[in-house]
Amino acid sequence: MMNDMDIQGLIPPIPTPFDDQERLALDQLRSNLERWNTCGFSGYVVLGSNGEFVHLTERERLSALEVARDAIPPNLLFIAGCSFQSTAETIIYLKQAARLGANAALVNAPFYYKSAMTASRLLAHFRRVADESPIPILLYNVPQFTGLTLPVQTVAQLAEHSNIWGIKDSSGDIGVLSNILRLTPETFRVLIGSASAFFPGLALGAHGAVLAVSSIAWEACLEIMRAVHSGRHRRARDLSLRLLPVAAAVTTQFDIGGLKAALELRGFYGGPPRSPLTSLCEEARAELQQILRASGLFPELES
Amino acid sequence: MMNDMDIQGLIPPIPTPFDDQERLALDQLRSNLERWNTCGFSGYVVLGSNGEFVHLTERERLSALEVARDAIPPNLLFIAGCSFQSTAETIIYLKQAARLGANAALVNAPFYYKSAMTASRLLAHFRRVADESPIPILLYNVPQFTGLTLPVQTVAQLAEHSNIWGIKDSSGDIGVLSNILRLTPETFRVLIGSASAFFPGLALGAHGAVLAVSSIAWEACLEIMRAVHSGRHRRARDLSLRLLPVAAAVTTQFDIGGLKAALELRGFYGGPPRSPLTSLCEEARAELQQILRASGLFPELES
Amino acid sequence: MMNDMDIQGLIPPIPTPFDDQERLALDQLRSNLERWNTCGFSGYVVLGSNGEFVHLTERERLSALEVARDAIPPNLLFIAGCSFQSTAETIIYLKQAARLGANAALVNAPFYYKSAMTASRLLAHFRRVADESPIPILLYNVPQFTGLTLPVQTVAQLAEHSNIWGIKDSSGDIGVLSNILRLTPETFRVLIGSASAFFPGLALGAHGAVLAVSSIAWEACLEIMRAVHSGRHRRARDLSLRLLPVAAAVTTQFDIGGLKAALELRGFYGGPPRSPLTSLCEEARAELQQILRASGLFPELES
Amino acid sequence: MMNDMDIQGLIPPIPTPFDDQERLALDQLRSNLERWNTCGFSGYVVLGSNGEFVHLTERERLSALEVARDAIPPNLLFIAGCSFQSTAETIIYLKQAARLGANAALVNAPFYYKSAMTASRLLAHFRRVADESPIPILLYNVPQFTGLTLPVQTVAQLAEHSNIWGIKDSSGDIGVLSNILRLTPETFRVLIGSASAFFPGLALGAHGAVLAVSSIAWEACLEIMRAVHSGRHRRARDLSLRLLPVAAAVTTQFDIGGLKAALELRGFYGGPPRSPLTSLCEEARAELQQILRASGLFPELES
């Protein structure tokens, strides 16, 4: 039960599976979750950026949330991702997600009219969303996709809202992360969304991480967290440097197609992303495998 | 009839009206169109960026297209705007738009996963969309909203597709516009989407313009086009410099709320944009009115 | 004599010649100028960005100015380029340049501490420079090198200074150019510094151009200017589109090494740029030659 | 003696003092250094970005180095800053700096022709500089001033040169810093140049820091380093969050004028920066003092 829900720990933003016709593959979503359930995660972000939220229809989103609710055990966090441009549509979706059993939602800033997204409009938007949402929300700062950075002062003001429980900061900007930690109360949960900021952010006191790479490299990620918490910084640092090229491979270098190919290497269902994204060609797949092997983080891949 | 449809001339990307509860105001859409029908435009873009495409639900989009089809006379172009992230959803919508009577569609590039949008993926996406679309498509280059520029070489390759008839370039980059004109055949229609590139782009041979400011300043825009075509460049230049602050006011300075306030000054229905966008406060409204007056382009506003 | 000096027309920002040991080659500077003197230019910018101002020592700069003064006939403009970070050093150099006979100076904004270059500091800097300079100055806006854009309002304020006669705008941003023309008096000379803005800028009323490509393609550039002034816009447009790939080749594509290689193709002294810039390899040289040939602007290069 | 020189620890990039006529104030340089000599630093960067290298004439630079050599005791590192655009001028200056007793040099990348600064040209430039320099060099990555980022792979290749001993990375990008640490040998010294990356970078294994803020807040900076080295991460983190607004105040917020005003608050000579930079107005000075007080890092300023 989530009565005393705490948002912390390691939380993968899971990819959404499609079959080879790019149709939503709900059985594969379920089976992947069943395996992840045994890995030691604190919960999941379902339908985040890595979950191709923007590639799903409304109906598909609800189906995916339903299956996820069924497959995620009650002791793990079920966070629904969300990226709409209008305040009203955001609220409608949050009510649906709550009804379907999500524990919290990760809410992207509206960004299409980016130069119009002044601090005061962002404040008003998120406050109204938080007022209306039946479940707590986490702010989502992901300038690499949105072209917009949530101002740190705005985050600090929003942190005072009782239904805004934290933030996922994927900017990778350690100064932004530091200032968020500096300007928000300890109860405001700061989740790191960028592998390069993972160990440094934990050292700075962040509460957890939502990392694409964790869905394929949970052992290393969990060990980094344990090492930081037990003061073994050299161990955390060494693992975190080895994690870097793996994380780059499944995000900036090969994007979601790369993440899905890596899932296959680890025995999960991968499948294609939706067009215009593409699956990896054989050459890229071999390079990806080589990067995973070279990291030394996946003994099963070394022969 | 659009049998011998030519995409050229002055085409406003019309705002979508909402009532004071931010509900879609279809009657006001109709009445605005009825007045615009008398202004000398070649047609309309309905549900483009200025039409808040991204703020409408699927159902609302179809309703708006239906009303627009009804209100736009057959001799004027009816271009449906479109901005989806997935190839499949783009195609479904284009089929709906065609069924509802749109003559063509203005299709934005997918942009959420911007660093993954390589030239080859953009090519594949637009080719598949054009293959499947029952109506001709116009490419839409609008980096200020998408954070992504369509490469000029990609545009040149796409111009060879028989169902890709042209481009709206809102980049404002006269070098990009020049190179598009240089690298595409004369039959590929190049529409200027930025007021600062309007007169220069016409002088360079662009075929028309899709300008937000034209929905409130059609007299000046049409006179600029006539002046260019009849070789009166000094007249065109003088009007175009006077148009600049007005165009900036209803786009970058006061955004869609400003455009809607300006519509009210010219006797149309304006109303609010949808949240998180906002209506103009009184002070901004007064400043906007002053900018319109100072331009000398609206004698009715001077007293 | 320059008593009634007017800053207009076509003005190449000439490259500074070095020998194959990268030593300043003053004889070649002289001989190049002697040939350019017959081409129909209004004058020269010596030691601008294309003249590798930033690669010369103080002593070399003065030598180059001396030779230029000697080789430039009195009826042509001799404009000295200048790019320093401190106000004081700028003023000292302007006094030297004036003493050596320069008619005017092209003065870059200080840009190293770019985020500190507020409008008020830029105003104060340029006003003090203009107060102290014995010769009129032209502002120089070149964000591609400086990472800093002179705000249009600042340019408009500086245009009121009696010793600031104009601006070279190399931003290529036709909106910036338009607003400068809109906000400054007709006596303030606006020179286009970007080939993609050349014809459009002339159509907008700019007074002249300072174009790298003009040092190798003066015939086409002068014909474009004549065509604009006599109302033959189609001719101007056609030439300007053919000029574009040539201009790109000698600037963004192959940079100053490319410009110098192109000079050699046209019978001038080229030589290497200074390190870290490099001469073109044979392959690049062949590609450059092909671009010049394909433009159709250099009949002598076609066989 | 520097025979067994190790480049590590805390190294302030000291400001260069000017009198109220903006003349170089060598006595104040000496007296400031004498006081800093007692603070626990490992050495100094003289004439870096904070030392207004770009605002000094050649003669002034040499004078400043001479005085610094005299005032810096032999057991402290004397690193000469350096930012030229040409390879040749860089080498000449490094020879002068070596002759005047500098132990090492911090060498900025050439950046004026930024789009021409390909990886291969940067490699060739730094290799030639390192070949010719009598003293070891440190690479300097400072994109906020240069508009250019040294590619991590280029840094890794340059790290193999026997006369390139390390890098100062002021990007503040923890991913860049991590990758530099990952791709270079342990003997390559990585110095953090951005306060927001200070504690995280130390946790990642960086060897030291060159921080503007350290010239006024050495006690906190040294305590952070001691805390990291002795495993007291919570202490390091707490101090580092308190340091952030102070560091921002003397860099991005109030720039070098702010740093000099803060020096005055701590009993050093401050004086004005050179134009176009300016001294702080009274209001800014009061705000700066308030920021220092509020940090709790300067008990002497609290009353």
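Just a few scattered comments:
The chains carry the letters A, B, C and D, assigned in the order they are written, with residues numbered from 1 in each.
To be clear about the criterion, a residue touches a chain if its C-beta (ideal position, glycine included) is under 8 Å from a C-beta of that chain, and two chains touch if they have at least 3 such contacts.
None of the values given here were measured: they were computed from a predicted structure.
Looking at chain A and chain C, the chains that touch each of them are B, D. Mostly identical positions are employed by chain C and chain D in their mutual contact, as over half of the interface residue numbers are shared between these two copies.
If you average the CA atoms of chain A and of chain D, the two centres end up 37 Å from each other. Between the Cα centres of chain B and chain D there is a gap of 50 Å.
For chain C, the set of residues touching two or more other chains is empty. If each chain is drawn as a node and touching chains are joined, the picture is one closed loop, every chain linked to exactly two others. Two chains count as a pair here when they touch; such pairs are A-B, A-D, B-C, C-D.
Across the interface of their complex, chain D is touched by residues 22, 49, 54-55, 57-58, 83, 85-89, 110, 112-117, 121-122, 124-125, 128, 144-147, 252, 255-256, 274-278 of chain C.
Taken together, the chain B residues at the contact with chain C in this complex read 172-175, 178-179, 181-182, 194, 196-197, 199-201, 203-205, 231, 233, 237, 240-241, 244.
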